[in-house]
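Structures are listed in the sections that come next.
Consider the two complexes below, in which chain A is the common component and chain B and chain C are the respective partners.
Let's look at the complex of A and B:
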């Protein structure tokens, strides 16, 4: 039996594309099928894109996130320096000169709030990417092999899931020291178990499908089957899981900074700023409220994106 | 010359210095108290000086009502780093606690003068090398045992033993050796010093807070065995949470009207690390007194109608030390000076203390803080000079340095100010902010050789008030001082300091102090940008707390009205 025969293929266009990528010696009917699959894929992408554009939830979140990305990258071009100290102008209320007021060292709160997005937008996405990478590998292996491998991995994941994220993060950072790279790796590692759970569930649903069986029958290596056959077909749950983890990562990074285990002064990082300025809450609330509102807006925006994606994918 | 003649001559010398304008009336009182001259004699000396009364310093108990007996007062402050041990304590929490149930031979008043406590009087011989202390009679420890000369001797010998790791040893090293204290009789102790030392009474006062008088039977663990002569007795201690005290019914103290002290039935010390949480508890009325109020974040307390913030002319500092055991500070005076000339001290004072503290210029002999000290040379921010010094130091293109500090009090803000002000000169300061515990942590086997505050290349360390410049200097600038973060060793300065300690003549002391100050400033082992005005906050119905601000919080005459 020709395992690449069109009638045995998984109707999913990506699976079609994947199989087509690996084949040698195309025949005409297959070429036609490939073209149809590619067209179907394009159609689905257009549908997805259009649906996301029409989703007020997604678009609202996206605009807010893009605003903070822009601010994180370019705000210093049109605000004052976020670390410039003016010892003679401490804790000044919002004014024409300082729209958001000044903090305890006379630094411009507007500049610090805008620049504060930078660190969290480095840490959270990179940590999320790491979590998705590691979680996908673990989930694929566990879900694909099942049996004793699955049992061992999932019991370990259960143990890791039982650990409180913040306390475990503090423990790791206390042992390894601080620094952006360590924070990213720590958050990424701690978010790996929930991602692996999601991926495993999706893999279990896919591993018995015909296209997977076909790949195995034609003698593909397990790694190839997992990476090139299964993974593309479970990208939707992974993307949604990624956006969920991104929101948590933003919050976790800010929490660690707030607790003093994140970045060190004079970083304008939001969590750190909230921690250092909260003692002035009664006399200079602006120094806390603006970075706190910024943090909240980013977390809400990421959640809006998650909701929007979830609704569109469910269609 | 007899001792009485010597004291009389010294009193005349002080009066002469005061009349010539070399000494203020306040300074005369301080020096008279150090020499053990009674309040009556000091009053006569002031009268002989003439002139008008100076502004008195100290707390804000104006219009104090008659004392009210009873009640329990609640204090709030940080927990001791470790369970308090009077021989080794060095932190606010430990000192405040110990101060409630242990006492010293001599106490400090609000002007850093000395006042009798367990010693009723003290006198030097004519050489200043033998000091005789007459102890208060009829005092008992709260376990019923009598307070006698033997208790003083064992307490002092305990801190002199290097094995006990007491910070007081830094102060007493080279001044008093083991065996230097002897009991003349049951209530008289004679200290035979290694050399004449005019400021010796400070060494056995509460200003050297490890010299608290313990029972001769003390074997360690003061929490389990809280035997002392103080106005309160420790009844309960919950680590990192609270300490509870009740009044000592057999306390020896009486007020001016002869009423038994303390007025209060008891006190409780609530341990809370976070300053803003402390402030909120004060404002909510949950606690009555905050012995040390940190200005940063306490601004709201000033406007609270239910609270009173007392302001004291303190001498507390934030020592910025250059560790001269390591590069780049080793043998590089120009580099240390370059950093000093980067600082805008007025701006720092404004940012950290709303301009309330006194400026410092990297010397302990600062006349605005310690009256009678020789004038120091102000160091204004001067980037041209800093860059030139940087070039002289071998770093014409600037350099990167690391400043280690604890996340405690206003140290993080101070570190950022230093970082900001050094940048224009090309000095890039990397901040290494540690938790309070991590900053003071160290290996048990070699604490002083491993703890960050004594071994990091550049540090900020907070020091509470000290009553005299020599006390600060002995604690952190002598080569054998265990609390030296700079590890400075300048033989010329050490030799001069030895002379300074030995000299009683005020004019000669001032001359030597001028040289000491000049060398210290020039060599710049540490930066002293300010001397902190101390704040203490209490409810408006709390009165009578004694002792300078900072850690010393004497509640023996405290009371609360309805």
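Let's look at the complex of A and C:
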């Protein structure tokens, strides 16, 4: 029997019937095979999990990131206020009262450094999620339909990548104004092309597989095949791509706020703080160096997670 | 070879046109009312109308685009609103400054990272190798302004080995400019060092396993001749290729470093223009950066082709 009808999107009814007949005949072993496959999947997932727990790279990164998440959420409960100004105590060096010293407005650098995690930890993950969402949709459509759709989408992607991302975001943010939502959407949109490229190439690797063909023969709609059949099978490259993008998103968000296109003062954001305090580098280096060290630790930690995850997946 | 370059140059034309459309769309169409986005919410409607008229923003979009693009091609780039000067000489002067910095940085980056990579590759899997790989790769993910500000503190403020500014006092000989550019160039180097060194290391490890290296060693050539005469050339190809893929980040880094060191380059001018909504200057400098980006990509491709006879001959 030939189950391959010439046009897969309109399955030959006879072929579908034979296929269905075959299924009915072997229902039990099929179910067993399903159960075995599910068990295998569970086992693999558990293996992956323990492998991650055992990876020192991944765990170091995770601990540092969790530390900053905790600080971003709760630091104001046990530090001084990150925004309260003290005109009598400006640019003081580290002391028992102010462990990290004070900045040009007499604000406590420790409190600002701890609270500074918050903005970047909002912006980067949300921008990454947006990029993954849009990039997956674009990549799925592009890789699934191929042909002229693919051609047009990929040319558009090329145009968006014709400029360095930092330049495009400066152009957008300078005229649309500063605000958390605009920054998130801008970074998300500019990270969509690279994500869609990754997803597209993964989809192209999957679309000729039997399970895709079977779903088409069952007469499933394209949207269903893409979302429910192909997507679960390409989640590994998407997760790895996501963690890579997350690292870049932290980098980009911090850079934009350093350049003055991020949040407005008095936000304790690290990039912004470094930009505003760097003129005092000669007399009060602590106001710059502590936020710089904090930012460095966060970006390195995110990249350790990426590295650990990538290594476990590639095994 | 010439045909390759010619074809690539021709391909640049449509990309450039698309990029210019993207820039124009982002700068003038996306914000809606151009003059309103420049003047802010407190300007009166008359002021807004007047500026729109002066900028020609009350005409249809395609007409404005053709006008702007035509002006760019014929050298009529308009006047900067911020600097009260014609845009063309301003952009060209800043571009020259930027090229000096970028060129100097590349002169530092390429030999240093290749030396580091080859060094690590020759001591493959030793503790030193792993240490080099981990530390250089961590440096690549740290934003340039973070490493830049730390370097500024250590070498300019604390040790006082290098000047704080990026420009010598006027009247100094040209050569002294390089002394002032050392500090700004290092963050750019750190940004690229990890990737390039890693490629050089992989290239070295691969080449070391080749029979012709074994032959060279067995026939009793001194170690230095094997490394410099036989190995380096082949280990170079992946290295140059990766430099090509990093140009976008290098340009982003250039913008950041210029802002950090208050260096009058095209990136700094662009950020100033963006912050002050100086549209003529912003559009021209972004387009110039786009051209710079494409030309550098082309040069990288040509160098790769020159190093690889298979591409060179194939045309």
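Here is the rule we use: the second predicted complex is superposed on the first by the 284 of 315 C-alpha atoms of A that agree within 3 Å, B and C clash if a C-alpha of one lies under 4 Å from a C-alpha of the other, contacts with A are read in each partner's own complex, and residues count from 1 in each chain.
Everything that follows uses one rule, which is that a residue touches a chain if its C-beta (ideal position, glycine included) is under 8 Å from a C-beta of that chain, and two chains touch if they have at least 3 such contacts.
Treat the numbers as computed from the prediction; the structure is a model and nothing was measured.
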Scan A:265 for contacts with chain B and chain C and give back first, second, both or neither. first
Pick one for A:179: touches chain B only (first), chain C only (second), both, or neither. neither
With both complexes overlaid on chain A, does A:300 touch chain B (first), chain C (second), both or neither? second
Which superposed partner A:87 touches (first chain B, second chain C, both, neither): first
Greater chain A contact set [chain C / chain B]: C
Touching A:278 in the superposition: chain B (first), chain C (second), both, neither? both
Between chain B (first) and chain C (second), which does A:288 come into contact with in this model arrangement: first, second, both, or neither? second
Please work out whether A:164 is in contact with chain B alone, chain C alone, both, or neither, and reply first, second, both or neither. second
Which chain A residues contact chain B in one complex and chain C in the other? 260, 278, 281-282
Quick check: in the complex, which residue numbers of chain B touch chain A? 275-276, 279, 296-297, 299-300, 344, 347-348, 350-351, 407, 412-413, 415-417, 419-420, 431-433, 435
In their shared complex, chain A is touched by residues of chain C numbered 15, 18-19, 22-23, 26-27, 30-31, 37, 137-138, 141-147, 149-150, 152-153, 157, 164, 248-249, 251-252, 255-256, 259-260, 270-271, 274-275, 277, 282, 286, 289-290, 293-294
Residue ranges of chain A in contact with chain C within the complex: 158-160, 162-168, 170-176, 247, 251, 254-255, 258-261, 271, 274-275, 278, 281-282, 285, 288-289, 292, 295-296, 299-300, 302-303
State the interface residues of chain A toward chain B in the complex, per the touch definition above. 83-85, 87-88, 90-91, 104-106, 260, 264-266, 276, 278-283
